[in-house]
Each structure stands twice: as C-alpha cells, then as structure tokens.
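Right after this note come the structures.
Next come two complexes, and both contain chain A; in the first it sits with chain B, in the second with chain C.
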Partner chain A sequence: MNDSVNDWGLAGVSVRYGRTLALDDVSLRAVPGRIAAVVGGDGAGKTTLLRCAAGALPPASGRAATPGIRQTGYLSPSGGIYPDLTVDENLSFRAAAYGLRAPQARERVAEHLDRTGLAAARGRLAAHLSGGMRKKLGVIAAMLPGPALLVLDEPTTGVDPVSRADLWWLIAQAAAGGAAVLFSTTYLDEAQRAGHVLVLDAGRPLASGTPAEITAAVPGTIRLCPARPTGDPQRRRAWRRAGQWRLWEPPGAPPSETVQRGEAVPPDLQDAVVIAALAREAA
Partner chain B sequence: MKAMIIKEFRQLRRDRRTLAMMIFLPVLLLVILGYAASFDVSHIPTVVSGPDAHQAAAALPPPFQVTGTVPAAQAQTQLRDGHAAMAVVTGGPQLIIYLDGSQIFTAQAAKQALAAGAATHPGLAAATVEVLYNPELKTSYIMIPGIAGVILVFVGTVITSLGVVRERQTGTLEQLAVMPLRPRDVFLGKITPYFAVAAADLAIVLAIGVAIFGVPFRGSPAVFALGALLFVFVTLGIGVLISSVSQNQGQAIQLAIMTLLPQVLLSGLIFPLSSIVAGVRWIAYLLPLTYFNEIARGVMLRAEPLAALWQPFCFLALLGAVVMTLAILRFRAFLAPSPGRRPKQPDAAQPELASAAAKP
Partner chain C sequence: MTPLAQCVSVTRAFGPAVAVDHVDLAVSPGEVVGLLGANGAGKTTLIRMLLGLLRASAGQVRLFGQPPSRQTRRRIGYVPQGLGLYDDLTVAENLAFAREVFGGDGADRYGLPAALRPFAQVAVGALPLGVARRAAFTQALAHHPDLLILDEPTSGVDPLARARLWETIQDAAEAGAGVIVTTHYMEEAEECTRLVVMAAGRVVAEGTAAGIVGERRTVVVDAGDWAAAVGLIEAAGLRAILSGTSLRVPGAAPATVRRILVGAALPARVHEEPVTLEERFFQLAQAGADPSSPDRTGAGAAP
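Then we have the complex of A and B:
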C-alpha cells in the first residue's frame, strides 16, 4: 500500500483494541467524486476503518485526514437514527445540528425522500420503518449537510434489491455532486461498481485498486471443473460458484493429473478476492 | 425446562452486576437498615433562656441535652434555624417550652419525656408547651417536602440515566460524536429537558402538598427554588454519571435504584438522622437528599432564611461540583475519544479475526 493522503482518507493507519490489532497499516484515499468500496468478511476491520476515516476514532498510528466535522457525513453501523423520532424529526435534528438553513434542508430532504420512496413515511416513527427504509433514512441523513466526504458503513446490508437500487442512486448522487464516498459492503457485485476497492482481511489490506486493476493482478489461471477436485492442494484451491467448481492454478504450479481441467475463465472481482485470500493463506 | 434453566444461569453468570446486586444488596440493606431503622430519640438538643435558665437546665431530665443558653428573644430563632429541637424560656409567670414540630419524632419524644418529668418536677407540670411549625405534629407536613425530593431524585437520576444510556444503546451517541456539536452542547441539550420536567414535577408536587394536604409554605420561594436547583443539578449529574458506566438501560436502572434506596432510607426522610447510629449516619451526609430535606423542611415549615441554611447549601453545591465534573468528564470521553483510548462500541470491542471476504 503506497497510497498517500493527497485528499482525505487514511495513510498507514493502525488501530488496536487492547491486544488485538484491528487495523494494520491500512491506507485508503478518499477522492472527490469517487466511490471507494471497502470489502471484507465479518471482523475484517471495515467498521474500524470507516470510523477512522470519519474521524470518529483516532488511529493508534498513521494518519487520518477528513475535511472537518461539518464537511463529513457518516452513517454509523447503527444508522444513527432515533427510533422514537419520525422521519421528518430525525432529518430536522440532523439539519439543525449542521446549521443548515430551513429552505435548503427542506429542498434536499424533499428530493431525496421523493426519489427513495420515503415521502409517504415522513410522519412515521423511525422504529416503525422497515430495515431498508431505515437504511435509506440513515443515508439521507448522512448526506443532508451536503458533505465533501461521505462515509457509509454497510448502507445496503440486509436491504431488498429495490431499496438497494434507491440507495445506490443516493450514493451516486453524492459522488456526482463532488463528494468523496467511502462505503463498506459484503456484496462484491456492489464493490464492482465502485471506482476503487480495498479488500480487507483480518485488519490487513488484501487487495486495492480499481476493480479492473484487482482482477488484472490475479496471478495464475482459473479453470472450471466438472466436479470438486480431490487431493491437496487442489481441493483447497477450489470453490463452488453458480453451480460450478472453479480451480485456481497459481503461476508455475504443475497441473494435477487427478483433476479434470475445464476451460480457463477470466477472473472477476469475486474470483480475485478469493484468490488473494488463498494466496495469502499459502504464503 | 432444563435447557432454559441452564441458559438463564449462563446469562446470569455473565451479568455480574445483576448477580452482585441480587446477592450483596439484600445483605447491605439489611445491615444498613438494621442500624438505621430506628425512631428512637436518644437525645433532644435543648436551649434554655431567661433569668432561671441555669436552674431549668439542671432540672431537665434525660433525654434533654442542654446545648446552650440564649437570650429569650432568640429562643424561637434557635428552633427555626435548626440549632435545637426544644427551647425553655424562664422568667415569666410560668415556664414556656417551645418544641420544633418539624422534627416530628423528636417533638413526640419530648412531649412524652416532659409528661414523665412533670411527676418529679412541678415546674414542668405547670409549663406551657407550644409546638411550633407543625402544632398538630402531622406526618404529611414533614413527608411531603421530602417526597418532593424523592421525586426529583427519580426524575433527575433514574429518567436522566435512561435517556442518556438509550443514546448509547441505539448507537446514536457514536453518531453525535461525529456531528458538529460540542460536548457541552450535547450534555446541556440532553439534561435541559429533564431539568424542565423535574422543575415542573416539583411545582406540581408542592402545589398538591399545599392545596390538598395543607402543608404550609412559610419561607422564601426563592430560597427554596435555589435549593431545588442545586439539588436537581446534583441528581442530574448522578444520572449522567450512571449512564456513563452502564451499557444498557437495565444496568442504568439497577445503579439508579442503588443510589435511590439509600437516599430514601438514610436521608432523614423516614428515620430521624439523630436516631441512625454514627457508623451508618456518615453515609447520610454523602447523600444530596439529606441536604435537600433540610432545606425543604427548613424553608417550608420553619421559614428558615438562607443565612441559616448555609451548611446544606454549601454541601449540596460541593456535591454538585464533584458529581457534575465527573459526569462532564465521562461524557466528553464518549464524544471525543482520545488517541489510544479503547473504544467501547460493542461492534468494535472484540473484532473476530475472521478470514477474507469470500472464502471458498
């Protein structure tokens, strides 16, 4: 990771929780107008990274740069929404906290609520919203001040496809408006849409770059197999996807005689992430 | 059922605070109550005045304890300002004895002791006994000012701690930390509504006390309001402090009850402070309700002026300063974690070192 903080983001950041190293020398730039996705499994360090990027958690070492608290919008893991306030009341509170003028806030709220289908629920308590609606409300609230840096912690997790589309519209709107967007996700198809992807594994960067760069950097070959390969190490290098087995052949690895080798397929982001994890495991 | 029992035990074992409360609190309460639960009045502080003051002092049997000789004109003032529970005025055609009716148990004990002493001391038999401030020794007169204090403790401590800890539970406290709000704004913004509710509660309780129970309000409303302000200040601070060490509303309620109970039992609201053994009584002087009781009864029943109440006011202010400072420090720590501080957010507290995003 040779990224430096030219704009905002993290450079060589490490975070410790007691004796556990939650982030280890991680860098991620937040570039205006670009959407960057942070991908990783449970406990990979996504939330910790985004908290650092939003200024909610000072790193133990390294540097975190934000455009300032007024210019940073943050969707915390909980959504930061008050369940006992209505949609309107939640947004009014957020607007007032950021010192937005009422007409400006009204205009932004109306546009976002209309587009995301929340307009009819303006008077409803947030506790009575569906999970997807609550997520949308959280993202709208984070976007309300028109931040230069928008940090969203798993905005689409547990959300139905229609709501995910609405959320993506919001995220794209923010980036189109010039905001640097950082978001975390466990969905690799979403990460594929980002301009930059950082894959985290156990607090360490596994891969970083544009989706194309990450897939281009995949070493070796991926082959389709009619059945699950037997015998090590092929068995450990195979994974099932869309009803088919895929086998990773590292560069220079001798082809196995026990494995029926199918056609080679180009890797996508999901394959790239799996292979990066396998490569690290092997190392 | 066995599975359910095992599950409950496992959960209980991990909720150490509840377990400790279930085991130690009853023991603690028993010990404290055993020493505190007494209506017995062992001594009655008495002042004497007039030309025959020394003779009267010598003639008074126990439990009367003569604490001083004062001019006759100041006899009632001594009672009003809480320096004595009984005043004996000599020099008239007959002895005049004033009793402080706001110290109901002491006044009752004094009446009984005077009746018993009258058999051996003819002067006492002929004395005129006048009970001041609460002539009928009505319990409601002394309970209602104290109950007003208990209600303020409830709103100030219990409700406030719940309100603040709710922010933590819903995760909105973390959101507040990254919003352009100063910790001071968040702190004051959180406690101001509770302060207003507590003030409204107090006004309602007092209005009911005066209108329905006929409790007199003889002193200065301004002095009372100042005392109530300081008291609410302390209780709100305790509420915030409790919320800062509680992970959820259940823990907050447990802790709040643990601060509420001793205040109800040891503040002089139920048992006279003088009846509580010294080994336990010191706890009473750490409790804000003790001082509010003194102020509320002093102002409402005896029209005690501010100058005479300087001690409870000072102690209340001191408690307020200590509690509020701690509360603000804890609150600031939440909203502006310093580098190296271990975050307490449950999602980040124990990250699992799981493997990569998409393992085969």
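Then we have the complex of A and C:
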C-alpha cells in the first residue's frame, strides 16, 4: 500500500560478531502507520536486527534506512531506563537528549502516563517500579520525540496481561500517529496482530509476510490427535498446545499406522513457527 | 484423600498492605493448577508461603497434611522465575549440587535428557534461555517431587521449546505429581486442569478456562481506517485493543460502539466474537481492584 521513499528498514542486511554470522541477508520494511513483528527464539537474531533497524549497529553488508537518530525511538533490551532516577527524571533526561523543550515534552507524555497508570508514580525511583511499569516507561520514553520510526525490543516479555494491554495501547497510538513500528516478541498471538511478520531462526529469515501469507505457506497438514503420538518420527513431529496434541504431517509423508489421526486444523502463526522449527530439526 | 497442598483462608499482610487475602486453594495428585494474576496480585507471596519461606498472618497452609517445613520442602520441586541455578557452575555441577542438597546418593541416577547432554559441561550463565529453563526443570524434577511449583516457567522461550517444557509438566502430572504454575501466557493457562485467578490478593475466579470464559462475548470492529476508529472509541472512554487491523472492545455493548462510529460517519462493521481468556482475565483483574464490582467475590472486607 505504501512504496513511498518514507519507508525505513533493512535490505539484505548481514551482521557478523567475530566469526559468528548473527544476521544473514535479512530484509524488513518499516512502513509508516504499520506495525511489523520480529519473532524467533532466544539467539535468533531479533536484538541484532532491531539494533540495525534503529541505526544503533551498522550492518556488515546490506542497507539500513533510518530517519535519523532524532526521529527514531528505540527501546533497547535493557529498556534504557536509569534505576536511580525517578520516572519524571528519566523522561526529562531523555527529552533533553532528543533536544525537546521541557513543556513540550511534558505535554507529549501526560496522556501516555495517565492512561498507562504511571501518572501516580512520577516521583518514584525507576528501580522501585514493577517490570511491566518499567517497560511502559521505556516505551513512553522512546515515543517522546514523536518518532517516524519506533523500534521496540521485546516490550512485552514477562509482562502481565494488564500491563501488556497498556503497552499495546501505546504501540497502537504510535502507529495511529503515523510512526512505522517494529517490535520483537516471543508471543505469537501478539505477532498475529501485526500487519507484517518476520520469523527469524539462527540469523536467517524462516518466513516473512502477513500472518495470513505465512500460515498459507505452511507445508503439509496439522492434525489434532486424541492421544500422544508414539513411535518415530511421529513422536518428534507432535507437540502440545492448549491442552491438545498436534501432529505435523509433512507433504508426502506416509500416514502412520500407530497414530490415531484426528481432524485436520488450519495452522495459525504459532503452528507455522513450530513447524518451521520441526522442519529444521529434521534437516 | 489429603490434598498435596492446601490453603484455608490464608492471609498475609506486610504492615498495612494485605498481599494475600483469605485465599483457599487445594491441589490434588495429577492436577495442574494455573495461578493467574497481574503483577502484584499476590501470586508470589502465596507461593512463598507454600514453600515455607513466609508465614501466613492468618489461616492455614498445609503441605502433605503438615505445616510447611524442611521435610515438606524435600517433596517439592520448585522452578523460580530467576531459575534458581548457579550461573558460574556447569549444568552437570548444578544438578550434582541439587542432588546432594536433596540427600541423593551422589550417583547420577537420572541422567540428562537428550536435549541437555551437549550442554552438560557449559556454565549455566552462557546457555541460551530455553536450554537454561530446561536445566532448571531437570533439577526441580530430579528428586521426583510430589508437588511441582513453577513460577512463570516458560517466559521468553520460543513456541516449540515452550511446548516441550509443557510435555515435561504433563508427564510429571500423569505420573501423579500435583503442579502449581503461574503464567502470563493465556494459551498456557488452557493446559491447566484448573485455573485460580487472583486480583488484589483475592481469588476472583476459579474453574476451567472454558468455565471462566463462559458465554461472554466481545465487540469486534473492522474499519478500513482503524486508526480513526481507535480515536473515536477511546474518546468515548472505552478501551480498544488492536488485533491485526481489527479492534476488540471488551466489556462494551455492540449498540454503543455502533452509535459512536455511526455518529462520526465512519464506515465499519461491528460484530461480536467469543471473549478470549486474556480479555476475561483483564476484566477480572480490573474488577478485582474495584471493591464495588460484582465480579469481586470472596467474603469479608479487608480489615
């Protein structure tokens, strides 16, 4: 929908740490007003990718397009919050770093603080905030400049559902205001809300597209099984989800006689990511 | 049959703050009980009382029919949020240490699961998170505990690793252990035989995931211009949650939402879908903090 020059993001980016290839030819567009999710396990390369997209790490090859440091909001994995400053002091410090005047900054964050339950904690040391409140403060600080590009590294990991809803409200506010939003997550239901999803594994893109495109490209069939499948390879291709066993039958795999096969179910994003990991295990 | 763990009207106060308020809970062999609640709802305080790390201010905590003690701790496997492993010891050293603490004979009776074998000689601090969590599970299960207590056991782990950890939990339950597990991940809550939802120190809902969700429905808005729709719904004092390019407005009446959008001449389709467990949890958590709400259950006001 938007191919304008105002797109940010990565094109064919690779990053090396010493001899380790942390990112291998990865592309991801950041489109104004849209939310894109980066998913993958621990060590998949999500943080490296977001650092490149935020302009905090130059790629070894490929291109990273950012709107510049003053137009980029970035939530780093540590949150960029000083534990020995209060909520207000953290925000003032960040505002000064972005070159914002104090009244302007105050006006910008007032509603955000109010709406996410942080207004009553303005004088509290950040060290005394709960994990969820600290993440919210980090995101509000990253949104201070009214950035054209907002890059959030796991804003919701370990956060309870109430704070997570607040964080999603902030993310939606930023996108509705025209920012291009990139965020990483290990929660696939959150990624399902994004307009575009990039699945990373060991630095390589496993899948990329809208959630519907990714699930449509899942090879083979998923079946619900009434009991845990036994015997190899079925046992390795089965996993538990929401109280049920699911079995992946790759294309062309002969149906097993030892497995009671239940109904086939259409894959969602979480199934797609699990199957990509199973396929890699098998390879 | 005596429950493995039982709380009867358990209360714990820290000065004037009541962290756990008249909580009843029972866990039987083979049960997986999910303890849900926002940060500060009282889950961790309750767990610390079950472990014997904290005394109840009032009420009764019983483990295997006795008050919590070192003897009862021996029959519990515990995975704390921080994993409880020594970062500068290897996986094998951590397991050997735990074996000695729990009075094992020093022999490696249980061995390492295949997934951990390549990491036996790696310091825990250098492990990927998913592997470290697997090691913490192995350590907690090594003495064949009767009761497993898991505090956010899968946080930050990818979906396949999460599914594999849940297989371990279910295997332990099928072998007769009782499990108490906290999670912020609602799909995991559906793995539990029973859920206990806490808010502001109290139990505000209890039952299966399906029972807690019930027949409730949520308003869903499909508007071409979702950003404008968010603005209108929010301006009316309702909370809209973005889901793809749809908006979900839990707790609102469809007619109200329709009126808001029609009033602004914004083209949109408004319909209803079953409420998700996360949305229901959200309502319970909000209501639990509001003493006047009908969703707030439990007898007696806080002193």
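In the analysis below, the second predicted complex is superposed on the first by the 273 of 283 C-alpha atoms of A that agree within 3 Å, B and C clash if a C-alpha of one lies under 4 Å from a C-alpha of the other, contacts with A are read in each partner's own complex, and residues count from 1 in each chain.
Just so we're on the same page, a contact is a pair of C-beta atoms (placed from the backbone, for glycine too) under 8 Å apart; a residue touches a chain by one contact, two chains touch by 3 or more.
If you're wondering where the values come from, they're calculated on a predicted model, not measured in any experiment.
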{"item": "Which superposed partner A:157 touches (first chain B, second chain C, both, neither)", "value": "second"}
{"item": "Residue contacts on chain A - larger count, chain B or chain C", "value": "B"}
{"item": "Chain B versus chain C as contact partner of A:129, first or second or both or neither", "value": "neither"}
{"item": "Touching partner for A:113 - first (chain B), second (chain C), both, neither", "value": "neither"}
{"item": "Partner chain in contact with A:222 - chain B first, chain C second, else both or neither", "value": "neither"}
{"item": "Which superposed partner A:55 touches (first chain B, second chain C, both, neither)", "value": "first"}
{"item": "First (chain B), second (chain C), both or neither touched by A:139", "value": "neither"}
{"item": "Touching partner for A:243 - first (chain B), second (chain C), both, neither", "value": "second"}
{"item": "Chain B versus chain C as contact partner of A:13, first or second or both or neither", "value": "neither"}
{"item": "Chain B versus chain C as contact partner of A:76, first or second or both or neither", "value": "first"}
{"item": "Common interface positions of chain A, toward chain B and toward chain C", "value": "40-44, 186, 188, 239-240, 270, 273-274, 277-278"}
{"item": "Residue numbers on chain C that touch chain A, as the complex places them", "value": "37-40, 128-130, 152, 155-161, 163-164, 166-167, 170, 184-187, 190-191, 226-227, 230-231, 239-245, 278, 281-282, 285-286"}
{"item": "Complex interface listing, chain A residues touching chain C", "value": "33, 35, 40-44, 130-132, 154, 157-165, 168-169, 171-173, 175-176, 186-189, 192-195, 211, 239-243, 270, 273-274, 277-278"}
{"item": "Residue ranges of chain B touching chain A (in the complex, touch as defined)", "value": "170-172, 174-175, 177-181, 337-340, 342-343, 347-360"}
{"item": "Of chain A, residues touching chain B in the complex", "value": "17-18, 20, 22, 39-45, 47-48, 51, 54-60, 69-70, 72, 74, 76-83, 94, 97-99, 186, 188, 199-203, 206, 236-240, 270, 273-274, 276-278, 280-281"}
